[in-house]
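Once you scroll down, you'll see the structures, which are given as structure tokens.
Shared chain: chain A. Partners: chain B in the first complex, chain C in the second.
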Partner chain A sequence: MKTVVCVKQVAALGDEVEIDDSGRDVDHDYLESSLNEWDVFALEEALRLKESLDGQDGHEVVVVTVGDEECEQALRRCLAMGADRAIRVEAGGIDESDPLTTARRLAGIIGREVPDLVLCGVQSSDAVQAATGVMLAELAGLPRVAVVTSVHYDATSAKAQVHRELEGGLLDEVEVGMPALLTIQTGINEPRYANLRAIKQANAKEIEVVNVPSEGPRAYTVRKMFVPEKGDGAEMLGSDAAVVAARIAEIVRARLS
Partner chain B sequence: MSGTLVLAEHLGGKVRDVTLELVTAAQGLPRPVTVAVIAASPEALLDSVDLVGVDEIVAVRAGESDDFENDVYQQALDTLLDGSEPEVILAGFTVNSMGYAPAVAARRELGFASDVFSVEVESPGTIVATRAFYGSKVHGELTFAAGAPVLLLLRPTVWAPATPGGSAARRHLSLETTPSRARHRGYREPPPSEVDITTSDFLLSIGRGIGERDNIERFVELAEKMGATLAVSRPIVDAGWMPSARQVGQSGKTVKPKVYLAFGISGAVQHLAGMKGAGTIIAVNSDPDAAIFSVADFGAVLDLFDVADELDKLY
Partner chain C sequence: MGETRSVFWGLSRAEIVVWYGLIVVSTAIFAVGVAMLVSKYRAGRREPLRDLGQRALRMLHIVFSHTWIRRRDRVAGLGHAMVFYGFLVLFAGTTILGIDTDITKPIFHTNFWTGPFYLAFKVALDLGGLFLLAGLVLLGANRWIRRVPRLDYRRPDRAQGEYDRGLYRAGDVVFVTTLFTLAITGFFLEGTWLAVTHPSFADWSFVGWVLMELFRSAGFTGHAAELSHHVIWWVHGVAAEAFVASIPFTKAVHMLAAPANVALRDTDAGKRLVALPADAEPDQVGYSLVTDLLRHQLLSLDACTKCGKCTDACPAAAAGYPLSPRDLILDLREAAEATLGAHSFLRAAGAPGLDREVLGTTIRAETLWSCTQCMACVEICPVGIEHVPIINQFRRQLVERGELEPMLQSSFETLFKAGNSFGEPKRKRGRWTDGLDFEVKDIRKEPAELLWFVGDYASFDPRSQRVSQALATVLHHAGVDFGILRDGERSAGCDVRRAGEEGLYATLAEANIAAINACDFERVFSSDPHSFHTLKNEYPAFGGDWNVVHHSELLLELVESGRLIPRRRLGYRATYHDPCMLGRYNGVFEAPRRLLAAIGVDLVEMPRNRDNSLCCGAGGGRIWMKEQRAEGSRRTSEQRIDEATALGRLDYFVVACPKDVTMYSDAIKTSGHEGEIELREITELVLESLGIPGGSESEVAETRAGR
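Now for the complex of A and B:
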């Protein structure tokens, strides 16, 4: 069984932010990068599935990302966690960062690898589109289930029983045959930590770099990015914890009476 | 291309609130406004979507049951778009929409954006949508290629619900759909819980900022002392530290207490959707840019444990 896990190196803003000269993105100097949290859970799920099927031949977990060279950090973390192989697809600039363009590039890899299962995180923390995985499924011709909180795979029937998380804690029980694509929700498992030796080994591994063209219209174009006005915002209660606590107690009493 | 198509969402025989919000959002968009209800037996749901501002309702009879299956919705939407292409298509940014809307957009090469909280027609034919990037710290204005419909998934709870009492024309459509490759097999109710956070007047809510499992207990005690019910944000449930019955947010519960006191909650969009209706929101967070301050009435940029220590002394 081969599983492909699609991952993203996400960017977070620290305390400060500047919009760059184009006016269409933030200045990248202010960004801190990491492996997307949802993708960590997706990779863990793939690794557990592989381990549960251990003893059968040819199980492989392949991680793929679309991004520049810096995004190889995310792939190295995946390798350290236990992924067998890593592929980086070259990305375009800001005009090619929409989910449809990314999905087209990933689809090129799915077409080549022909996996039994594709896992993606539900969404990325920096863009929160919840779209790339399901777009990829469509382009790759795979059935899909979005926002999955548990996976039970039956190797004999090559079917998975999954739970889809609806609002309010209600679960939708869904059955899907392989090959399929699932988008994985946080909390589905407890991701492992990579040990130091695994991190060292991961750093020495080869990452395959490929170009996949993306032809066709984009989902959108970012015309302008801006820091939103704070609005009226919250009334700040001060910087002394004792004073703040007293004010909180006072407000709580007044509002509950 | 003309008009705005609203895709209704329903669960267990009821139209979901987000559908009413979509109709309100559609009021600034091209007319006519058409609401599509996709189900095996959509008729029973039609009255609930006959809202002020709806010009037409299309009952799309599709699938084997009223329960959501993503391929059935995709086929139904495809058929609607084959018939006539609207300029704008609106659906909620919800778990169901996430399962089929991006697929339709990818296949038909539509303009697409999700978690949109503002949309307008800038000039005839030019749709501009606004959404957040980088943890809600910046907003982006999006434009879309001309010549194709724009499919937008709108953030729930941003628009006010449209009011009942419309007088829309009704149309019926029957589809032969192939069965969904991903099949609905049933529902699983959340385990019963002795606590109902939706009925409490005072919620003390904790998030990722509390750091470790061992810190839960002191907030359980503080909540008890203060007369509050303890609630949590998603990361606390994901970590297995608290049951999902206490979770506030889009995948948890929507709450409207008189007072919502948040410790160490940054304010992810999905969390804010679940609590911004609270009477008074007080937020303590060490990050001055935490999104929760944008909805809070009162705030303090402080170490949450310092404030908790001081509150302990007062109660």
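Now for the complex of A and C:
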């Protein structure tokens, strides 16, 4: 069984933020990057699946990302956790980061690798669109189940029983035949720790870099990025604790009446 | 022929033949048993053995002086010494007798077991027998009448009913009774013989003589006594043979394994953890199989006498965590025995199929994570068992597998990303100096006499930052030339290593070593015992070899050399808590005490002080993990405050470690003793004693309020 896990190196804001000279992106000096949290759960699920099938040949977990060389960090973390192989699809810049462009590139890899199962995180913590995974399923012609909270794979029938999360705490139980694409929700498992020894060893492993063209429209184009003006919506309660407490009580009373 | 007695007095030829047959059988069983033990130990990982001569001498000293055995329980120590020496004399006597009977007599046709030698021998043997008996009574009383709690087999790491220590209990009874029987029958043998033959030299065997007199006054002589002698002879003889044969298989094995372990153990066990080879395969990282233990560690398992001193000293066990160092060792021993030892031999065919994998099964992850690596167990173990490095090796394999306590996992990730456990940006590391009215040198830019390794807690924790400021003020006042690394410093990694993340430790250590080696200085000091310990003892293996001292040593040095003059005798009554990493790990017990004396603090010791100090519960990476306390149990830090407040009215609970500052500030509040005692870091008292601005009452009060 071959599983492809699509991952993303996400950016997190530090204490301070600056917009870069183009006015369309955050200055990268103010960003800290890491492997997207949802993708960690997706990879863990793939690794567990592989381990549960241990003893049969040819199980492989391949991780793929789209981005510049910086993004190899995320792939290394995946290799340290136990992924067998890593592929980076070349891309760069704010204009190539929309979900449709990314999904098209990933679809190229899916076409080449022909996996039995594709796992993505539900969404990325920086863009929070939950779009890439489902777009990829469409482009790759795979059935998809989104926001999955548990997977039980049956090797003989090549089918999986999955739970997906609905609104209001409801769960939907679905059976899906392979190949398929699942977007994985956080909390589905307890991801293993990628220890430093493994990370160091992963640094020595080779990452395949490929070019996949992405022709066609974009999902969107970023025109301007800015820190929103402080509106009137919030009232700042400064000063003395007693004064603040009195003011809060006043507001609460007003809202309740 | 003079004064002597025939060994086989009253025995027929056939009986003598049977006797020799028994000797052969029991010796063979003993030999096979020992061979099985050796083959069991050889299944462990190989290790180099150096300085065997020196090790043997050290072992003889420790064994014969009983220094380790008598610690923290004089009664047991005395009892054991009496049994040990009594047994030794009797054993020597039997050996001499054997040589006389079976070697010198048949070969050289001469007999040295006669005359004055025989008489002296009798006195010595009777004394030895008495010692043995008295010792056994003492030990038995300790166990069964005084009921010393550490000797009960209650396991804090398992629920009641989940384990059965019945076999161990039975083993104790058998062991004591066998020795008792041997000694008693020995005396009766002598008494009955004397009662029958009544030789002129009878009173030399003074115990036998008393018995003889008793027998004779009761009219128990002649044939009746002779017959009894005959029966007792066999009981004594068979008991002795059975005992010899059983040594490798019972509690008695400690007679062999304990001295061997004391000789072979790593003298730095636990203190300097061994680095992982860079090319280690995942299954070679740490321990998961019982055969991953080093050979001498497998041997050490058999040395355990179940004395319970380790569990008695263990802070995790005291707070109801699922850990008992004794039972950890016994579980490992049972696993080793079942898969590699005599039991597996007896089951011959089944042996290789048995599960040697103990991690996660016999040895539970929650047990391993409970340990604070405080070293109390290793320090007190009378037979030199190395719980700390063994636990650490198992943790390494858990980390390798990625099976971590969730909070610990995120702490490691933070440490990896930020270089400190607080998740603070590197550039904020030196911010605590902002509140000072003088500049603290950046030692990366200008040389200084002393490099201060501040550590995470003292750099980022708000309460400990005040201590750092106090220390900087004191040093500045004394005109000491010092500097800090600012954002060049990372977490020292001591607790990372103790928690088993060796890769991260190496990364942090290498970064620090590179940073420090690039600076110009003479000595290093740290105000954090964890950093101090690992810099001093563990960094050398990674290429960082400097003269490292703790700030309490540095301050004492300054006071004693007159560079720092305490102008005010503080006159406080206080107690002092020894941090594990400073005290047990590095033997720095007196410097803080002398420092307190020098500034006029009246020190009242807690019952558990110095080597017996009780860990605050934060070490070994525990500070980054969720509490696993049993319901209703008190934290060790709270137990410690109970201990301190029980000493009567004290002004301060004095500590010398930033983690202690945090742990005990909290514990004073949560233990219900708030207002009875206050916490002070030793530096703060030193500052106060100087009577300078910055150390005045009002500012000190502000420090207190800021807690």
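We adopt the following convention: the second predicted complex is superposed on the first by the 229 of 257 C-alpha atoms of A that agree within 3 Å, B and C clash if a C-alpha of one lies under 4 Å from a C-alpha of the other, contacts with A are read in each partner's own complex, and residues count from 1 in each chain.
The rule is short, and it goes like this: a contact is a pair of C-beta atoms (placed from the backbone, for glycine too) under 8 Å apart; a residue touches a chain by one contact, two chains touch by 3 or more.
Since we're looking at a predicted model, the values are computed, not measured.
*Asks:* Could you tell me if A:246 is touching chain B, chain C, both of them or neither one (first, second, both, neither)?
*Replies:* first
*Asks:* Who does A:255 touch here: chain B (first), chain C (second), both, or neither?
*Replies:* It touches chain B, and chain C stays clear.
*Asks:* Which partner does A:131 reach: the first (chain B), the second (chain C), both, or neither?
*Replies:* first
*Asks:* Have a look at where A:15 lands relative to chain B and chain C in the superposition and call it first, second, both or neither.
*Replies:* After superposing on A, A:15 lies in contact with both chain B and chain C.
*Asks:* Which touches a greater number of chain A residues, chain B or chain C?
*Replies:* B
*Asks:* Please work out whether A:32 is in contact with chain B alone, chain C alone, both, or neither, and reply first, second, both or neither.
*Replies:* Once the two structures are laid over each other on A, A:32 reaches chain C alone.
*Asks:* According to the stated criteria, A:199 is in contact with first (chain B), second (chain C), both, or neither; which is it?
*Replies:* After superposition on chain A, A:199 lies in contact with chain C alone.
*Asks:* Please work out whether A:183 is in contact with chain B alone, chain C alone, both, or neither, and reply first, second, both or neither.
*Replies:* It touches chain B, and chain C stays clear.
*Asks:* Looking at A:105, would you say it contacts chain B, chain C, both, or neither? Reply first, second, both or neither.
*Replies:* In the superposed model, A:105 contacts neither chain B nor chain C.
*Asks:* Can you pull the chain A residues that chain B and chain C both touch?
*Replies:* 15, 190
*Asks:* Where on chain C is chain A touching in the complex?
*Replies:* 276, 280, 285, 399-404, 406, 409, 412-413, 416-417, 425, 501-504, 506-507
*Asks:* For the complex, which residues does chain A have touching chain B?
*Replies:* Those residues of chain A that touch chain B are 11-13, 15, 17, 19, 24, 26, 31, 99-100, 103, 122, 125-135, 137-139, 143-147, 161, 163-177, 180, 183, 185-187, 190, 216-228, 230-231, 233-239, 241-242, 244-249, 251-252, 255-256.
*Asks:* Name, in rising order, each residue of chain A that touches chain C in their complex.
*Replies:* 14-15, 32, 34, 81, 190-200
*Asks:* Mind listing the chain B positions that touch chain A in their complex?
*Replies:* 11, 67-68, 70-71, 93-96, 98-107, 109-115, 128-129, 132-135, 137-145, 148, 180-190, 201-202, 226-227, 234-235, 237-240, 244-245, 247, 250-253, 258-259, 261, 269, 279-284, 287-289, 293-294, 296-303, 306-307, 309-311, 313-315
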